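Please read the structure below before turning to the comments.
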Amino acid sequence: MSLTREQMAQRVAQELQDGFYVNLGIGIPTLVANYVPDNMEVMLQSENGLLGMGEFPTEDTIDADMINAGKQTVTTVKGASIFSSAESFAMIRGGHVDLTVLGAFEVDVNGNIASWMIPSKLIKGMGGAMDLVAGAENIIVTMTHASKDGESKLLSNCSLPLTGKGCIKKVLTDLAWLEIEDGAFVLKERAPGVSVEDIIEKTQGKLIVPDHVPEMVFA
Amino acid sequence: MAGFDKVVASYEEAMTGLEDGMTILAGGFGLCGIPENLIAEIKRKGTRDLTIVSNNCGVDGFGLGILLEDKQVRKMVSSYVGENALFEKQLLNGELEVELTPQGTLAEKMRAGGAGIPAFTPQQAWVRQLQKAKETKEFHGREYLLEEAIVGDFAIVKGWKADRYGNVIYRHTAQNFNPLAATAGKITVVEVEEIVEVGELDPAHIHTPGIYVNRVVLGTFEKRIEKRTVKSAE
Amino acid sequence: MAGFDKVVASYEEAMTGLEDGMTILAGGFGLCGIPENLIAEIKRKGTRDLTIVSNNCGVDGFGLGILLEDKQVRKMVSSYVGENALFEKQLLNGELEVELTPQGTLAEKMRAGGAGIPAFTPQQAWVRQLQKAKETKEFHGREYLLEEAIVGDFAIVKGWKADRYGNVIYRHTAQNFNPLAATAGKITVVEVEEIVEVGELDPAHIHTPGIYVNRVVLGTFEKRIEKRTVKSAE
Amino acid sequence: MSLTREQMAQRVAQELQDGFYVNLGIGIPTLVANYVPDNMEVMLQSENGLLGMGEFPTEDTIDADMINAGKQTVTTVKGASIFSSAESFAMIRGGHVDLTVLGAFEVDVNGNIASWMIPSKLIKGMGGAMDLVAGAENIIVTMTHASKDGESKLLSNCSLPLTGKGCIKKVLTDLAWLEIEDGAFVLKERAPGVSVEDIIEKTQGKLIVPDHVPEMVFA
């Protein structure tokens, strides 16, 4: 069985460490905040200018002046700070964020990522994604392993315009946890009930399959 | 005190001097902290052929989006412009030009413009795919793009509170690009929700010192919410 | 919460990891807002061959000046070093190297170091008289120097109040270079007059967000005044 | 009679305009603050990170954390703001300060200024002076017309290492008010009782003397 969005978020959350400053992109990455283990705390950075993003507000406390980078209304946690977008990207570009989680259209064996533009469709813009992947040492990409048409998103070479070059080392798909090493995807874990063969079939880029590929474990 | 009194009586006065073909830097992120009444005044005024530097271009019918209705905008410099059908139409028609700029670079270009730093190297050089033949420099084994600062003929800014000297504070994440745009306008206009007495703002809490501000105008704001997300009842 | 608790119990712990030959960025302007106890700890520790980046080098017997007494400093990167006889002596003896950098460039070099901007162009090129063969670039008809960012192995910072997460505010003009140094240390240590509860500092008033800070230590301060000027009785 | 330091400050103060943001250097420039006309207000910028510097404190209100760029204890006026040195030099470098007044060792007919270093003596450093003269459109230099040995400080070419290049247009000495135009000093006013001949004698650089050179007027 391929992972649900919630399971994907849950698996990413296993990579968190106590005291991590984390930037979560739109979509599945946002859900990671719901699965922070009880015995640790992370602070969420939102690139519009907020460190210490909290949960959504109630109807009573909603405030148009308090949003995240996805333009959703949010709250702050205790110990939060708010600053300009220049300061926010100083944090990001300067490598101060411990972990960035974001979605993608494609990732390739050289750690390239394409996530912002599909030519022939309209160009909406890259927002902060290019800055985020350039500034982070530690990035997890979350996406489905293949498109709805069954085409692999784990490629030898990204076909779309890049968001970042040589910056991705970890990918979580609905089928597998993979790490990128020496020009290949290395299959580290598979989703419960998903066979290695299925993953091989749906991976276009070079894939290294160790002798033993454990199933993911969810608490 | 007259010399430091930046308060003007009307939005018309606030935007005096804006002419066709000028470049405007606008604060705001999405619809949060946008100078909504100053934008409305530009629409009323009918100024055309504008270059607008702003992270986003509002939505259909609100924010900078309303300047598209009468085709007042020639070019947008933005990081993300995906919330606007009219924008898409004019872009495809060739009626509108867009210069996409990564969000962090855009923020830093405004800061550099205000700070008298003509150029800096925020991004690695492969980003060049986006850009017309910019120069690159190598540092620490990586190639970087040399990016140039942006200044505006006008900067339009949304503050929370200001005093008559033009000292401004912003509310919550409505800060975003506002203090950056404020530094980089030849004429910087700030619209605010409240004008307080000089001395009321703590010197250590002021986000935009009055030295950057030319005009302050008092307004009322719709503050439309782009994505209303609330906690489910527990 | 343990992961964000930056408070350490002693000055010794605060400076753990400092080794001979390292580069230290120090906040402060003159004797105002200097990390006086962290400097004293470096003296106690006896670390040598240090490069220190700080606007000034204290005075004889106080501030960074005390690190000269046992010749712990190999090189100073500063804008003004004129208040210190021992400094002068060691410089003339060739025991100490100094790299003079204009004050605004020094401030911006620290900011750039923290912000991941490897280079920028703050100064016109004739300033090259000061420098060893730096590269220049032309913008708007003027030649500018391409200056590189500075990062430190350690940054030593003097704050007013901090919470356990490392959020810091500075008092009055003791702010100066402190928030800049704070962003650019691989290990940033902040000594403060008061540690407050998390949540007590208004998110919009925080000068240095905790993300930049590795260690916080509580101290007491002499706060020596360099030039005591008072209003004559009226 | 050559001007006193107080008269020099008084003459410079005549150049102030209501609403000016002004940076005053150490020495005579600092005294200018005492002569701001009653009908106007200026705000003083101090490059360590203060806009809205006030007078010296009383013994009771002195505060080690509130100093100016000359390291003197000061106060703030209403409407002041305090910020980092990077922000302070953003203001300066970005041209937001309306007037800078500073002392010098030498000025020449090309608008060059030397004010920070005398080789063979110890190099103390330029502090913020280079940034200040580079960022300001409007600079007034105050200095004595000649050294104690009688050597002119208004030169064809500065002999000392420069602080700024081609940036000075106005000079007030103890003998004269001069402006720099097209490679020459233009004598605009003379100190009360000082003769044009005396000024000519003490000016080494090219000096243009109009037919009528009025005496300075002090209120």
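A, B, C and D label the chains in the order they appear, each numbered from 1.
Going forward, a residue touches a chain if its C-beta (ideal position, glycine included) is under 8 Å from a C-beta of that chain, and two chains touch if they have at least 3 such contacts.
What you are looking at is a predicted structure, and each value in this text was computed from that prediction instead of being measured.
S.K.: Comparing A-B against B-D, which pair counts more contacting C-beta pairs?
M.R.: Counting C-beta pairs in contact for B-D and A-B gives the edge to A-B.
S.K.: Taking each chain's centre as the mean of its C-alpha atoms, give the chain farthest from chain D.
M.R.: A
S.K.: Find the geometric centre of each of chain A and chain C from their Cα atoms only, then give the gap between the two centres in Å, rounded to an integer.
M.R.: Distance between chain centres, rounded to whole Å: 36 Å.
S.K.: Whole-Å distance, chain C centre to chain D centre, using C-alpha means?
M.R.: 29
S.K.: At least two partner chains per residue is the criterion; list those residues in chain A.
M.R.: Each of 82-83, 89, 92-93, 135 in chain A touches at least two other chains.
S.K.: Quick check on chain B: which residues sit in contact with 2+ other chains?
M.R.: Residue numbers touching two or more other chains: 108, 111, 115-117, 122, 171-172, 175, 203-204, 207.
S.K.: Take each protein chain as a node, join two nodes whenever their chains touch, and name the resulting shape: line, ring, star, complete or other.
M.R.: Its topology fits none of the listed shapes; call it other.
S.K.: Run through the chains and report each pair that touches.
M.R.: Touching chain pairs, listed by label, come out as A-B, A-C, B-C, B-D, C-D.
S.K.: Once bound in the complex, which stretches of chain B touch chain D?
M.R.: That would be residues 1-4, 111, 113-117, 163, 165, 167, 183, 198-199, 201, 203-204, 206, 209-212 of chain B.
S.K.: Which residues of chain C touch chain B in their complex?
M.R.: On the chain C side, the touching residues are 108, 112, 115-122, 137, 139-140, 144, 146, 148, 169-172, 175, 202-205, 207.
S.K.: For chain C, which residues count as touching chain D in their complex?
M.R.: 29-33, 55, 78-82, 88, 91-92, 98, 100, 102-105, 107-108, 110-111, 122-124, 126-127, 129, 160, 171-180, 207, 223-231
S.K.: For the complex, give me every residue of chain D touching chain B.
M.R.: Within the complex, chain D touches chain B at residues 17-21, 40-43, 45, 51-52, 76, 78-83, 87, 89-97, 135.
S.K.: Name, in rising order, each residue of chain D that touches chain C in their complex.
M.R.: 46-50, 55-59, 62-74, 82-86, 88-89, 92-93, 122-131, 134-135, 161-162, 165
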